[in-house]
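We call the chains A, B, C and D, going by the order they appear; numbering starts again at 1 in every chain.
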């Protein structure tokens, strides 16, 4: 469970995939709580131009190794049953999902805290870059808050 | 959006319903983050007997009114785009989902904080009762931590 | 004065039903006295009282149009 | 000594490609000096250097089997 996984998926995360992931936990009857975070591409307006999508690239090998470290730290710190992370690569249109973080635990506090901490850490620590595509086909590089 | 809604569903919350709820937000392109909490019935062991399910009852009218107050407080306190809450009634087997809290916002902090606070408040404030059904058909009333 | 009391959760095991009709109670203190006389096990039980879907913390007048409810500790979610 | 440098994100707009081959750099300080000479706009850019998928904070020896990468500020999620 703690070995190196590939978190990247080509294109958006789709809702059916999320449903399937949730469904797969119904036989883990020690779980009492799931916490899910979803990142959705926002149609921000920048300098009067609308963002129509974000194109994601990553240093995939390094990101997957770093994610393994984050995952191990989360299992160390919180009493978790499982944890799954998926990040999109390629162009994701506004309104589509680009990030799916899913933690499960016997009790809610562990699931909720681990999910939030994982989101914060992966935004800060994973070598992933988003290029915002504008409606006029110009672009600018995303900056995380 | 802030008018009184019915949060109760008969039977478990199913994964396909969650997927549909997520999907319905893809046209709200001001959203950047979704936070979801799911409660799953745990197969706890109590006095050597396994919990096979929980039967939920509620003072529905009062719970829906109280949930309206919580919802209004969340929209007041956090910059949210939307918020949805569903709670099961009737018997829910271990491994099935009994609670679905779903908050969406332009930015992650509001979505995450509102989701967690809503979960805490609804567990403390909604007149809902769970009766844990044991494998030998005996039962005991659930106590929230 | 006729009041119908709604009873929930584990308290229904004491009352044997989800509603209890009471005669001659004009306020919540009187309601509780009558109920505890009829169902002595209520005395040792934890619950709060709601009138018209609001939890009350002091004695409150009630009549036959009021929704009075006994609520044991919540355990939803 | 031949080193291939991986370049990511907005830095690829400066280098014009995702990899840059360098000759004659034995450590990361030398790599950066050569890169900044070849691509002057790098000097004003924010980035960190990773060697073998770990971010380094001080000068590090590199050879042709090491994975050297220039990483601008992350913006995933």
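Keep this in mind: a residue touches a chain if its C-beta (ideal position, glycine included) is under 8 Å from a C-beta of that chain, and two chains touch if they have at least 3 such contacts.
Quick caveat, the model's predicted, so the values are computed rather than measured.
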What's the fewest number of moves from chain B to chain D, given that each move must go to a chain touching the current one? 2
Whole-Å distance, chain A centre to chain B centre, using C-alpha means? 23
Using the average of all C-alpha atoms in each chain as its centre, how far is it in Å between chain A and chain D? 27
In whole angstrom, how far does the Cα centroid of chain A sit from the Cα centroid of chain C? 49
With chain centres defined as C-alpha means, what is the inter-centre distance between chain C and chain D in Å? 73
For chain D, residues that touch 2 or more chains besides their own: none
Note: chain B residues in touch with at least two other chains are 39, 119
All chain pairs that touch each other: A-B, A-D, B-C
Chain C touches which residues of chain B in the complex? 39, 56-59, 61-63, 65-66, 87, 98-99, 119, 122-131, 141-144
Hey, which residues of chain C end up touching chain B in the complex? 6, 8-10, 50, 53, 69, 71-77
Per the touch rule above, chain B residues touching chain A in the complex are 15-16, 18-20, 22-23, 25-43, 94-97, 104, 106-108, 111-112, 115-116, 119, 145
